[in-house]
Structure formats: structure tokens, C-alpha cells
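By letter and in written order, the chains are A, B and C; residue numbering begins at 1 in each of them.
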Amino acid sequence: MAINWFKYSSPASFYSLAGKMIPIFSITTIALFVMGLYTGFFVAPTDFQQSEAYRIIFIHVPAAWMSMFLYLVMASWAAIGLAFNTRLSSMIATAIAPTGAMFTFLALWTGALWGKPMWGTWWVWDARLTSELILLFLYIGFMALQAAIDDPRRADKAGAVIALVGVVNIPIIYFSVKWWNTLHQGATVSLTQSPKMATTMLTGMFIMALACWMYSIVVVLMRTRTIILERERHTTWVSELQGTA
Amino acid sequence: MFLWVIQRDLLLAMRQRADVLTTLFFFIIVVSLFPLGVGPEINMLRAMAPGVMWVAALLASMLSLERMFSSDYLDGTLEQMLLSPQPLSLVVLGKVLAHWLVTGVPLVLIAPVLGIQFNLPMDALLVLTASLLLGTPVLSLIGAIGAALTLGLRGGGVLVSLLVLPLYIPVLIFGAGAVEASSVGLGASTHLSLLGAFLLASLVFAPWATAAALRISME
Amino acid sequence: MLKVSDLECVRGERSLFKDINFSLEAGELMQVNGPNGSGKTSLLRILCGLAIPAHGEICWCGNTIRSLDEEYHNVITYLGHLNGAKDNLTAIENLRISSALAGNEIEESKAHEALRHMGLGGCEVLPVKVLSQGQRRRVTLARLLVCSTVLWILDEPLVALDGAAVKLVQSLLEQHLEQGGMVVMTTHQDINITAVVTKRLQLA
């Protein structure tokens, strides 16, 4: 089993494996998105409290989940790359960052769109919103650091350090923001006011979360392939690839 | 050896006093600009004071971060430190301590004076000083990681702020929160002990991470 | 003592050198030659553990230098192409501090003596920034007089030195080799150092 895994840790074999996997995951992504959006918009009942506006949670909640989950995945790959000096793991980490940042931004944006009709304001300094904003800063920091370093090996390692420092800090940041929020009760709106969700709503949300997951896999695979080509452009297997293409 | 590092950095700071004073005056100027921006209403200023002081302290300590390793990097002395038979994290700890003595301590000392400008009551001034005393070393410790990672990069100064400022948030919240809590009569001991916990945690963790970052950047 | 096997260094995308193998015993000198950009500095940085090779291993007395880590730093002195001296410190402060950082605290009198030996008498208490390039190099080289390490890794030690100083360095190196020390160095200048064994490594 172990040998099998290490085979795909070589960029060249990963490149072809990813190439085969992308179409499968793309189709799954599209199918899940269609299913999820259909459930979200047509099957799920109208919420008696929030009427139609609530439907944005079908994208908002999965995006928020993905934003946090992807940061952990990114940091884990970066850590593996740092510990075992496997180039591919670091490349995957680099490939995840923009998708993670995109989901973070999406979660913030849809949150604002939701907040306006619900609370009458685009933005509240709620603990979750603030933490999400800080998460966006962490993603941007990671990407900016990697972009500023020319040597890819140093970029990988430096990115890993900052990602890990971020992971250690996220619980502390979340906890402090929450504390800070309770100290300033006046400005907050409770986000957990909604009554029990209908099962169809929940199903729709899970399908959407799965769709976002699949989407992330597709995009990360594609981006990893591009990074592999860019970094390995002087190797023989890439030039062979160009010859056959 | 540890003492040699501190002594060396303090000696260098003494020879370049202007750098130290720049950070201090930056802090004073930023704090003094706020009343000009928001108006001289006493109650509002008093309410704002902890946040203003702490944000200014964050910015001032960040301003001096780039200097922590870059001049040693440029003249090759950092290379020699990496080759020291002592653990690199110990060398780093020495440098961070020196950095704090040079940039953090002056802020702690001047803060009560600036607090008077904002009409802070006596006990709030004490809490402010105590929170800065516990919090500014954390800023130097965390900042060192960012400074080590951005060593020798173009635009390193701006980049370091992008990396480090989000990590400063807990210190900001509990530092400013301590003063606020004491002024509404809640007592600041919880906040201060949490700041102390941050200090201990970063004392253990940050030098080690900085040492790893330096090795990566020097390779 | 020092054994290097299958060393490869990659900078950016191109391989600077590969399949470097050599060993060095007590009293031996290794001169690394090669045109600019051939990786001499990279090789020396790898040898002292500052950089990690793309491939290969360096062993000191049978242990890899990565496993020895800080212990290895006790036996080497590396002088890079940067002087490693602070502009705002005096020559004597620089020497004492850099020695202390290398785990070798020295008395002020010993530092004075070393600097005088390097022909810096009278300049000891001047800040290094007012010294000439050659004098700064001498301040750096003075470390060799006070250190007690076995393996010296020197990157272009003779740059900016005048004839007298070159002779000084030459006798210093010869003395070190006689006492069973080892030297790995790069230089573009002609220097004739008598050693029991002189090895040469040519980088393309």
C-alpha cells in the first residue's frame, strides 16, 4: 500500500493520474450542483421567518465550511511537505490557497447579502464574521508570502511555516473574538435564532457542501497540474509531453 | 552566549539611537493624531483610549520588525549566528528580548503619559501599563516569525505587516479589553492572566518557529 | 574525518554540480576551484550545513552533519564572502562578539593581541565602518587566530588583502594544517600553501 502511494507522490505520475481524475470529478461536481441548487430553490420549503431570502444559505453555509476545512487541508499538506520534503505536497498546498480564499470571500459576501434583509445591515462585528474575515487575511498572507519568494523550495517551506502558525492561532483568534464579542453585547445579532430546519433544507445544504467539495478537488487538481508543469518545465518528461501533444 | 547576543544588540541600538527614537515618536504621533481626527470630546476619547493606544503599539512594534534580522542578514553576521554551537532558538530569543527592550519598553513607559492626554483615570492607567508590559513582548515574539520569513524579500516591510497583523489580534483584544474591563469595574485580572498565558505560550513556541523560518530563509 | 558523498546542488532549475565525492583527513588542505557561478560558495555553504544539498551526504567522523547539528558547529569555522562584522561596532567588539557567538569567549587582551597580529594595531577601537575593505577582511580573519576549531571552511579569504596580509594568512593556514587541522577554501589568487596533502576540486 505504502509503495503505491509513493508512486503517485512523484509529480510526473501524479500529473497523469490527476488528468484522468479531473473529468470524473468535474461531472460529479456539475451533477451535484444541479441537484443541490434544484433542491435549494424548488424543493425546499419557504422559511416562515426569513421567507425566500434564507435560500442563500445553500451557498453561504457550504462556502463557510469549505473555507475553514480547506485551510486545515492546506496546512496539513504544507506540513507534510515541510516534514518529508515531498515537493508534491507543497504544490498541492499552494494550489489550495486561492480556492480557500475564494470560498472565504464568498462566505463573507453571501453573508453580507443575507445580513442586509435579515438584520438590516451588511456587516455586524459578530464573532463568526470577524473570524472569517481574519481567515481571509491569513489566506492572503500565505499567498502573498509565496508570491514574493522566487525560489520555489523556499516558498514552499516558508508558506508551510506561516500556514502552521496560522493553524495554531486560529482557535486562539476565534476564542478571543468571541470573548471580545460578548464584552460588546450591544452590537451583536444572534445567528442561531432559526428554528429547526426542514429536512429538505438540510439535504439541499449537504448536497451543496458535497458539490463545493468536489469543485475544490477539481480546481485544486487542475491548479496542481499547472504548477507541476511550471516547475518541471526543464525535465525530460515535460518536453516529451509537449512533443506528443 | 545568550547574554552576548542581548548585549550586542543593545550596544548596536545605543550606537543607532535614532532608530529607537523613531519608533517611540511614531507611537506618540499616532496616538496624538486620534483626538485631532475624532474631536476633543472627553468621554469619547476616554472610551477610545485603550484601543487607540494598543493599535498604535501594534503598528509601532511592527514598524521596527524589519530591522530585527535584516541588517544582520546583509552583513553576514546572521550566517555566523546560524553556525553557533548554541541552539538557534536561544540566539533568536536573545535577539527578540533585545528588540523588546529597545522598542517595547519605551512604549510601556510613555503610555501612561499619553493616557493622561486621554483623561484615563489612575487605575486604568495602571492596567494599561500592565497590559502593555505583558503584551508587547508577545508582539516582538510573534513578529520575529514574520520578520524571519520575509528576510531579504522585496517589499518585505509591507509583507510582514500582512503576515503578522492578523496574528496580533488576540493580543489587541485582550490588551485593550483589560483597560476597558477595569474602567467599567469588571476587574482586569482575567484579561491580564490571559495575556500572561499568551506570553508564556509564545515564549515557548515563537523562538522555535523563528529559528525554523530563519533556516529556511538563509538556505 | 570529513567525508562527502554524491553531493548535488540545484539552484533554481539548473544543477550546479553533482556527484561530488571527496574526503579530508587531519592536516589536509582542499582547494576548490572553478569559474564564477560554478557553485563554489554553494558547496561551502552546504559543507557547513547552512544549505541543504539536493542529493548526497556529508559525514563528520562517520555521522551525518544533520544528525550532529549544533555539535558539528563546535568543530568548524566558516568565513563567508560577507565579512560578518557589524559596521557600528569596533574591531575588538566584533572579534569578541563573533568569537563568543561561536562558543569561544575570549578576553579583551587576547582579542587585542590577535588584531595586532593581523596588523590592525591602533585600529582596535575604531568602528569597522571607517576601516578599508582589506582591514575589515583582516578583522574577520583574526577570528582564525583565536578559534580552536578543527575544520576551517573559507570562502575567498584573500579578497581585498594586500601582499603582506596574504603572507600572514598563508602562514596561519600552514600552522593550522601542521597542527592537524583541515582547511577547505576557495580562492582566485595564487597562493602556495605547504600541506601534507593538498587536494584540488575543480567545479565546471
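Criterion: a contact is a pair of C-beta atoms (placed from the backbone, for glycine too) under 8 Å apart; a residue touches a chain by one contact, two chains touch by 3 or more.
Nothing here was measured: the structure is a model prediction, and the numbers come from that model.
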Which contact partners do subunit A and subunit C have in common?
B
Which chain's mean C-alpha position is nearest the mean C-alpha position of the whole protein set?
B
Find the chain most remote from subunit B, comparing centres computed as mean CA coordinates.
C
Rounded to a whole Å, what is the gap between the Cα centroids of subunit A and subunit C?
49
I'd like to verify one number: the distance from the centre of subunit A to the centre of subunit B, where each centre is the average of its C-alpha atoms, in whole angstrom.
32
Mean-CA-position distance for subunit C and subunit B (Å)
37
Spell out, as numbers or ranges, the residues of subunit B touching 2 or more other chains.
219
Going by the touch rule set out above, which residues of subunit A reach two or more other chains?
none
Subunit B contact footprint on subunit A (complex, rising order)
134, 137-138, 140-141, 144-145, 148-149, 153-154, 157-158, 161-162, 164-166, 168-169, 172-173, 175-177, 179-180, 183
Footprint of subunit C on subunit B - complex, ascending:
1, 4-5, 8, 11-12, 15-16, 71, 74-77, 79-87, 91, 218-219
Touch list for subunit C against partner subunit B, complex
48-52, 70-71, 73-74, 76, 78, 80-89, 93, 97-98, 100-103, 105, 127
Subunit B to subunit A touching residues, read off their complex
145-146, 149-150, 153-156, 159, 162-163, 165-167, 169-170, 173-174, 177, 180-181, 198, 205, 209, 212-213, 216-217, 219
